[in-house]
Amino acid sequence: MPLDLPTAQNSASVLETFARVRGDSEALAKPLSPEDCMIQSMEAASPAKWHLAHTSWFFETFILVPNAKDYSPFHPDFGYLFNSYYNQIGEMHQRGKRGMLSRPSLQDVLSYRSFVNDALIRLVEDADEKTFAAIEPLILLGCSHEQQHQELLLTDLQHGLFQNAMKPAIYKDAREGEGGGAPLKWREMEGGVCNIGWNGDGFAFDNEQPRHKVYLHPFELANRPVTNGEFIEFIEDGGYQAPVHWLSDAWEVINQDLWTAPLYWRKSETDNKWYRYSLFGEVEIDPHAPVCHVSSYEAAAYASWIGARLPTEFEWEAAASLFPLEGRFLKGGAPFLPKPASNPENDDRLLQLFGDVWEWTASPYVAYPGFAVPPGAVGEYNGKFMSGQMVLKGGSCATPEGHIRVSYRNFFPPEARWQFSGFRLARDCN
Amino acid sequence: MPLDLPTAQNSASVLETFARVRGDSEALAKPLSPEDCMIQSMEAASPAKWHLAHTSWFFETFILVPNAKDYSPFHPDFGYLFNSYYNQIGEMHQRGKRGMLSRPSLQDVLSYRSFVNDALIRLVEDADEKTFAAIEPLILLGCSHEQQHQELLLTDLQHGLFQNAMKPAIYKDAREGEGGGAPLKWREMEGGVCNIGWNGDGFAFDNEQPRHKVYLHPFELANRPVTNGEFIEFIEDGGYQAPVHWLSDAWEVINQDLWTAPLYWRKSETDNKWYRYSLFGEVEIDPHAPVCHVSSYEAAAYASWIGARLPTEFEWEAAASLFPLEGRFLKGGAPFLPKPASNPENDDRLLQLFGDVWEWTASPYVAYPGFAVPPGAVGEYNGKFMSGQMVLKGGSCATPEGHIRVSYRNFFPPEARWQFSGFRLARDCN
Amino acid sequence: MPLDLPTAQNSASVLETFARVRGDSEALAKPLSPEDCMIQSMEAASPAKWHLAHTSWFFETFILVPNAKDYSPFHPDFGYLFNSYYNQIGEMHQRGKRGMLSRPSLQDVLSYRSFVNDALIRLVEDADEKTFAAIEPLILLGCSHEQQHQELLLTDLQHGLFQNAMKPAIYKDAREGEGGGAPLKWREMEGGVCNIGWNGDGFAFDNEQPRHKVYLHPFELANRPVTNGEFIEFIEDGGYQAPVHWLSDAWEVINQDLWTAPLYWRKSETDNKWYRYSLFGEVEIDPHAPVCHVSSYEAAAYASWIGARLPTEFEWEAAASLFPLEGRFLKGGAPFLPKPASNPENDDRLLQLFGDVWEWTASPYVAYPGFAVPPGAVGEYNGKFMSGQMVLKGGSCATPEGHIRVSYRNFFPPEARWQFSGFRLARDCN
Amino acid sequence: MPLDLPTAQNSASVLETFARVRGDSEALAKPLSPEDCMIQSMEAASPAKWHLAHTSWFFETFILVPNAKDYSPFHPDFGYLFNSYYNQIGEMHQRGKRGMLSRPSLQDVLSYRSFVNDALIRLVEDADEKTFAAIEPLILLGCSHEQQHQELLLTDLQHGLFQNAMKPAIYKDAREGEGGGAPLKWREMEGGVCNIGWNGDGFAFDNEQPRHKVYLHPFELANRPVTNGEFIEFIEDGGYQAPVHWLSDAWEVINQDLWTAPLYWRKSETDNKWYRYSLFGEVEIDPHAPVCHVSSYEAAAYASWIGARLPTEFEWEAAASLFPLEGRFLKGGAPFLPKPASNPENDDRLLQLFGDVWEWTASPYVAYPGFAVPPGAVGEYNGKFMSGQMVLKGGSCATPEGHIRVSYRNFFPPEARWQFSGFRLARDCN
């Protein structure tokens, strides 16, 4: 199966998207010092500078080198330094040592970005129809790829700065809390044979394809994600100490790493309130906002405690398909915290399906029926990670606007907590 | 959901099963020295003596203590020493240190077995109808549990003895190779909405339930598992060195642990032939027998290399339901190696679905729709392991006869290789 | 420098020593089950069976193979299995996996011992003068080697059995507490140029040689080792929580491994008393007996807390040379616990210099001036371990009688606690 | 024992030293980008920015806070962030996470330095006699401390930049190779009772004290350190593959970490020559310069191979006391590589005793007779590290001029290679 990529946009539209996405990355980096852009706090996270360089390497390697005549790479070592995991391209710098790269400087990386931008624009402008048809889907892929790294840049940065007792505040929270929360309601879904996966409109990743049928049993879905306030009840009821609610792997992790609350949370000994570290500094927990920075283990344990379960990715997608793709997303380099739901009409809609927090599902990340890895190195993009990870749906406050789809499948290991990850409850119909 | 357990057998029949299963464990242990029964070669494996004791602890803890009046446990420390992972029962001896338990001796453990046997027989014989109804399903659960440990006793023992350069031969291969192998054929399956899970006949584990509908797309299934000879072609074509065929996690494991062939395999430098260690000593590889002691990673890599894939557990079960549950299983304490397929009529049947080798599927081990963990400590049996593992189907040469069902779901982490695990290919219909 | 070995004993005397030492090992093993002889609880410890086999391998490899005509090793694999660390002899079984060796059985190892014994006796009886001169020092080396392993057999066994919640009692404490302890007194030593090292009488290891001069400043030495009662005061004064008393490496170890008392110690929550595990089961701590199973880190921390220090090995040896080599040692396979000092005359003698507990010194284990590694594989005996270890002096209750000398240098890493290790205080003269 | 600190310098002289040392640190940092100053490549190494801050914290904590009236620390978090290991001062930032500190910025740290400098100058200028007497020795200690960190800044930086495939060149080698090397000669030393340790002239660390007597046996010392060319012979003779020459700990390290040459060395596959990474980029190995970046393990193995040994620290000091303290040291922020010896007269002097490379000795780092840890947190400076390390003597090309003494004792773990560490041979007299 080839990467299913969109047809026939005109070059101006493609270049507009390209310029916007590239600019957004730089806008995010603007408030950061060169030193902030260096931090790598764990193997799974990368320095901001590395994200800025790697996304450029992606355009250079998959588009410019094969297609732009006389293109000569910006620097002979960058192919080695900024390859992430494409074994078919060649050897690469060790993942856990990205934080060692004081050179190239942030300034050099920004020059690298300009150089690649210029060459790509020239390539598109000079392209004949056949060339354009060949590169257009790859440019869109590169833009989607860069948007993924914008979100990672934020989550990795937050994890890195959290290591610092000074708890730096980097950004200003871009949005005020909209809505005062919404009471929990259950919405029933009928089930039966449903169509799942990308419906063919616009760009999509290979892992959302092919569209296929899935049989669903009737189920109910909560109208909004679990909130901080609800999760605090779980904590205070001894949830983290009760093995009956935890998967075996999870029980091992929480006892070894001494988890007693979501990542970044701290209960103040002075005022007895809960606080969390964020890119806006340490802020008080809003009980009506969706709980965030929990692993799928904690999501499942909460669900067990309350007598419910997580939805499968298919249940989530079937239900979410009924609603418009609206939500609070990242826009123009201005991050914000997950916010409380808003439902003044108090109707039966599903709220906050998109934006605010990614929602853990009960589904391991595996191939759809009929999926095949695309040929070439670009085939390493998604397929080889279909092992040991769980699917998350819906996007978060750090997901760039326009990046997400209802068929979009994000994936992280079940113990990951440094993404903007929350969850919504489901339950079987009686 | 309660454990779905069978109704109304008479007590004589239950005691007959009990006696047979308990006797089989001891028959397997007979050729072993007390020292052989001590070896623990990794955290995931247990000493034979521990298996013999733990299975008795299971009957004692879940049946005798709550039901047998005046029953006093055999030894006050055994509850701590031989609890495997039931957190709701209490604290337990550290899993990785089971090999430290020189005391109780093998002889003491055999006495413990007798003691439990006598008490259980007495309990059944004296039971009124209501008590019998309560304990009968638990006795059958305990028997199935013990059969699982019979298989583990063999695979753990083989792994332990493999650490010894003397390569001890413990048993005599109980069966001659039956059949000279069968050429690869593909059998087409129609798909559609299928019923999956336990059909309600006899005993079954909770994780096979509830029976539910799954939508399958049309697919083809190979008529028999991949053979040793076929797998050697993969090795010799450089399969272990080609990243394109491997999942990302898999590539890390094979490079870190330097895998270049299935577990226990060795290519002789003197005669250039492949050999494998087994409980019968080191034997030459039979090219027509199913490949065994591969991880799901290696199964998936082979499938990628040959241009196919692994079946899902649902595809496997739907196809296998069409055939009788016949195969080469463990019987009466006489183990044997996986054997070549036999198909003299050369017809289109699916061969070796049951017995010989467990077959890795493409399905992560998760709950069936409507599954609920049974209440009480016995609920820790299966549900809490539904994370990070893959489903295997069909049973192996080390699975006790009568233990398996077509709905049976075995599960191991994707990198596990010390079970009798092979695989069968599937592919999409064009 | 050749191994400095004793001259001209007659063969009867050598064979008498050989028979006694070999018999002592078997006497120690007598109360052990084959399973007890299998346990290996850490890489630094070996199973009792392995000790019994390795000591035989030593005689076979260094004496029989090179000297006994027509000698054929007992088993072709034993050279690999029972080589400890002699790289010049060849490859060897992995140290941390000695506990995997269920085969050969204990019975086979005892047969191996007989086989080696018979061959060695025959070799000595048939030896001409030249051959006897060549093998006699190696036989004495082999006997001293075996005595070292007798002590290790006991300490490794205790560590292994300690992993078992049943706390098995293996032996019966062979001696009653002799003496009711002695009050602490300081004995002054003059210092100046002293002679240190083996004085040439009888057998000695290469690491005790050559005898050489050392300059000592005046110092004082405690008349007896620190007692359990004194060490409990340190514990109860918060000694394990006060960083000021601990070496940096030590502070890391006690915080990582959560040390709060000597190894094997436990404070009962029911009677508030201190107990320790021993080969005689768990026994109450005797406040007058020397503290035992402490690391050199704990010894140094105690000394800092009390305002003293540990003696150097040279101070200890210079002082101990003034006293007869008398003490409570292992004899005839009958172990016992360290006992209180006895000093009814209440004079100024140094007590318990020998036997009861090894005494940590402040001296790292390095070569004496003029030391050279003996040629051949036997040169790997001591020299290559002169790195990262500390010297202990005087022998313990588990050191075979006749094995020790005042010049004897035992050595263990500073964090080791599973030997019978205590300490004696020193201080500078004002 | 109090810190033995010098008496009665006038305040102008102290302030001159202070200004020079503080300025030198900043001169070293000048060619570095803020990002270069962030890198931490292992727990044992620190970022340049951290060195710049910690040395200021030292003056602030031990001098300003206790002595300067109305002094208020520059920032409330810096006491936590820049405490290295002084447990008696309080909690501290985790050592291995110093590379996470993007904040404070390099610029902020330079402001911190100015702030501390100003306050300290004011304190000295305003000090009455008694105050000056109290703070003068601590200021000199702080200056020596800062000079130690200047050397570490260079060695840590080199290790950090080495992780980057771009192999950055940071400085320009400040000195041309002086001298064309010198042939190996042996110089005989008589031995007897010698005086060792600080002779009371000027500043010295506590660990060089008290001066005391040591008995030395006659020995010979090489006239210069082992050269690169000589070490290459060892490599090419299979030295790294011959267990007979290696300590047991060393053999484990070289096999686990796959050492086959000194740190930073690489044999080019194109021209078959040896190169090494340095702060001047990758340069060709000079066969006449002293070998550098070897561990004490490699030094000892080379010595065994050539039939010699390493000198003890006492032998080295006794011999070096006969020569003037001259050598090639760091001066004014201009680093250089170790250079060949120069001996045009070809006489019997000992060459390169000081500067160029630190020389590993055979002596573990332990307390001198009569040593006592100074009271207070400053007592954690040296004493608590007297475990598991080896003494090096003489200073290197990265040691600031004026910092070293013949009694100076540097110390590192035996496996450390990232310092400018070489060695000189010794042997016993016949």
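As written, the chain order gives the labels A, B, C and D, with residue 1 at the start of each chain.
The criterion applied here is as follows: contacts are C-beta pairs under 8 Å (C-beta built on N, C-alpha and C of every residue); 3 or more make two chains touch, one makes a residue touch a chain.
Predicted, not measured: the structure shown is a model, and the values here were computed from it.
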| item | value |
| --- | --- |
| Chains contacting each of subunit B and subunit C, listed by label | none |
| Joint neighbours of subunit C and subunit A, given as chain labels | B, D |
| Most remote chain, CA-based centroid, reference being subunit D | B |
| Between subunit B and subunit A, distance of the C-alpha-averaged centres to the nearest whole Å | 38 |
| Rounded Å distance, subunit A centre to subunit D centre (Cα mean) | 47 |
| Rounded Å distance, subunit B centre to subunit D centre (Cα mean) | 59 |
| Multi-partner residues of subunit C (each touching 2 or more other chains) | none |
| Touching pairs among all chains present in the structure | A-B, A-D, B-C, C-D |
| Subunit B-facing residues of subunit A, complex | 85, 87-88, 193, 212-217, 243-244, 246-251, 297, 304, 309, 362-364, 366-367, 369-370, 373, 379, 384-388, 414, 428 |
| Subunit B-facing residues of subunit C, complex | 33-39, 41, 77, 80-81, 93, 97, 99-106, 160-161, 163-166, 168 |
